[in-house]
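Note that chain A is present in both complexes that follow, paired respectively with chain B and with chain C.
Entry: the complex of A and B
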């Protein structure tokens, strides 16, 4: 990830501040920065969302295509994730520089969604063993200012909420083969239930305390972080440790508990906001990228 | 702690003074400045079919027969005497490379720093080898521009007790065009913190040093924990600076102080919310206009 240089004295200042629960920008250890979420920003996708968390900006697009289901689970569809770190975010991502980070992020997303409950995969089935919906979730990093995992997970949840999958009708044609017809009506579509989609909370260990939503300067003072994905009921679907430093087993337990608490609190405002945006309908003033 | 999530809104500029449309000297790339061929063209302009056209977005400056356009968003173009805050990026043979938000890294020669102890002597080979003990990669310094090389790189010096390595505090990176040129760039604000407004857009906020530390001259960086009240003042100032910069208000000690006072009714972390920012900047601009008029 993009890293900034911090002097020793600045590190000491940041460390002491976090110890006293007053970070450089006045936040407490469990406060998020100002977040702005907008869905339906990319017109040629089935669902999209743009999330700005402080200076981090993430764009997610979801495209639904018809494909063959996996042999092990013939009556389920599946999701494919791809994260692209654009060179817009930082010059380090130029060319193939962002590939490593991109693969790491998409692997984490696969792990987070690798369970039966996050997305109802059975609803993505069209005809068992032959056709199913495949959701290609593409994430584009536009700006990088720390806390990529959280921003990406919120954007994925918002984009999945916004996804409109067309209804299909299966009919048998003259030779006895199956024919798939997509409905012509743009409003005749299926929506996904994203209640159980988890949100990722990154807990960074700085000094002796753990901090949520770190900026790049605070990240330079931390050696290890724990990535926890939490559903709205507080169930943890994936825990991952990143960073070169070591974590005490006790602190892992504390961080997981704190992560569960913070993650649980993220879902309710997000769903209210998404519902509010949906209810505005045509009256909503689209801001897009020119705000 | 509920996360603050909201739908994005189109930001409106908060401006009490004359609106941008009325000012005749603001141009964007492609705007024709004049069709008169008697003028010499300076930076930021080019001649297109005998018409002088702007190539950057900014304000037009005319000095006798020379017309140039000074852009709003630009890298720092240093002049002799400017006070800068910079970060050491490299330690080389007899000099340090300093990042100052200009087109090229600035240079701090070993002969331009005050050696610890304040002695005036020839720099020996030993001094060269112990350079890293004094200034390392990542350290922050305050310095003054001594001269400008022919390629545009700045040569800095810290030959006064008020310059040198910076200790604990917060760095805010802003655009250089927002910093007002003043007699002094080091201020001890009455609210309880000190500020260095570097001409290159880097602003350094730090707790006001006690009496005995002022004599050390910047070589001894105290790693004692800063008190919570000082910390709050510094965080508030940092957020106020970001709010002023977001609304393109010129930064100098008075404007920063007025903004600080206007923000006292809000919590420190709320200052960065868009509506609170607008309110605070509006109050600051009103106060500044009252003070002028």
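Entry: the complex of A and C
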């Protein structure tokens, strides 16, 4: 992650503030920063979303391609993730500098999203054992100010909601082989059910308190963080500790409970917003980066 | 692609433009608060984001420091979802490295590097959507980003890609036109003095047509220059209104 240097006096100031539930920008320990979500920003893709969380900006594009299903699960499609930590975020990511962070992020995304409990992978199957839909989810990190996991997971959920997969008609041709025809109509498409897609909440231990949505400065004062992925029903699907520094078991339990609470509260407003955007349809004014 | 005429008899191109017409340019400066300078530019369906960091101390190899001017470091990369076919590597392939070198060459001609000896200026450009004229859109976006960073330049750098079809120069090619076997020429211009910062063409073209093509490119670049100037003035007005009271 981009490094930020914090002096001892600043650290003490941040720690004392968090101890009293008052962070540097006036938020409470469980408040998120101002979040802006917009879908359908890149027209080349089958689904896309742009999420700005404070100063962190993430752009996700989903492309659907026809591929061969995995041998172990012949009647399911799958998702492929790629995280590009671009040099736009910080000069340290130039060349191959961002690869390490990118690999770490995409490995976590695989664990959280690429399973049958999050997305109905059976709906991505075209013909068992031969063809299936492969969704390539590409995450582009544009600006980095802490809390990447949360922003990326919200963007992935929004992009999957926005994804339109063309309808497929299978017909047998003259020699008995299968022929796949994609529908030409742009409105004749399949949408994914993203109800069960989880959102990731990062809880950071700063001093003795657990904080949601840390900025880079606050992260420099923290001990370690816990990544919790929570579904809309409040079920925890994945827990992972990141960062150097150790946590005691009571902390982990408390953080998981707090994460569940915060994560559950995140889903309803997100789905309402996505549905509202969808209902506007053509009347919606696309802003993208021009706004 | 049989039957798809790049230039119809009435003089209309594939997307309905006339031969000398540019695509719609929309731009915004100061898109990201964390970078020193940033800009977003759309030219038709091609969208690019440019970010500038600097001038700052040399990172990496200190031995490359120049004692009398700043070093300009550029990176060109494309988002994996930018092209119709998904691109596996965002940067690092030969084409991206070549583009990065061209950008470096272009901006070394325009930025007043002698004002910042022993330092480095980073220009990073990312293509979000690719529909032809990638190099030109990058240069235009990067110009705005450098201006947003407050780094002094001799002049705006405006670029345009032109092609030659049926004895007519076509300004601002889109992807379908670039691929259709057209001799294309990319030109980066400093409009006020009419100085050419970069000229590149790798196709076959008869010598007699070259001057006409360069003329057409320079006119198109001057057109882009006017738009960029408008964007900068608009941005300055907005910013000064915000900071005045």
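We adopt the following convention: the second predicted complex is superposed on the first by the 289 of 291 C-alpha atoms of A that agree within 3 Å, B and C clash if a C-alpha of one lies under 4 Å from a C-alpha of the other, contacts with A are read in each partner's own complex, and residues count from 1 in each chain.
The rule is short, and it goes like this: contacts are C-beta pairs under 8 Å (C-beta built on N, C-alpha and C of every residue); 3 or more make two chains touch, one makes a residue touch a chain.
Being a predicted model, the structure only gives us computed values, none of them experimental.
Shared-chain residue A:9: touches chain B; no touch with chain C. Judged by the touch definition given at the top, the superposed model places A:32 against chain B, while chain C stays out of reach. Legend: residue contacts after superposition of the two complexes on their common chain; A:273 is shown touching chain B, with no touch to chain C. In the superposition on chain A, contact of A:287 is made with chain B only, not with chain C.
Using the contact criterion defined above for the overlaid structures, shared-chain residue A:17 touches chain B, although it does not reach chain C. Using the contact criterion defined above for the overlaid structures, shared-chain residue A:75 touches neither chain B nor chain C, since it reaches no partner.
When chain A is checked against chain B and against chain C, the one touching more of its residues turns out to be B. When both complexes are overlaid on chain A, the residue A:127 reaches neither chain B nor chain C.
In the superposition on chain A, A:55 contacts chain C only, with no contact to chain B. Comparing which residues of chain A touch chain B with which touch chain C, the overlap comprises 290. Contact residues on chain B toward chain A in their complex (touch as defined above): 1-11, 87, 89, 136-140, 166-171, 221, 223, 225-226, 228, 231-232, 235-236, 238-239, 267-269, 271-274. Those residues of chain C that touch chain A in the shared complex are 26, 28, 31-35, 38, 40, 42, 45, 47, 49, 51, 53, 59, 73, 75, 77, 79-84, 86, 90-92, 122, 124, 126, 128-130. In the complex of the two chains, the chain A residues touching chain C come out as 42-45, 48, 55, 57, 59, 61-63, 65, 82, 84, 86-89, 91, 94-96, 136, 138, 140, 142-145, 288-290. Of all residues in chain A, only 5-10, 12-13, 16-17, 19-20, 22-28, 30-38, 52, 262, 265-266, 269-270, 273, 276-277, 284-285, 287, 290-291 touch chain B in the complex they form.
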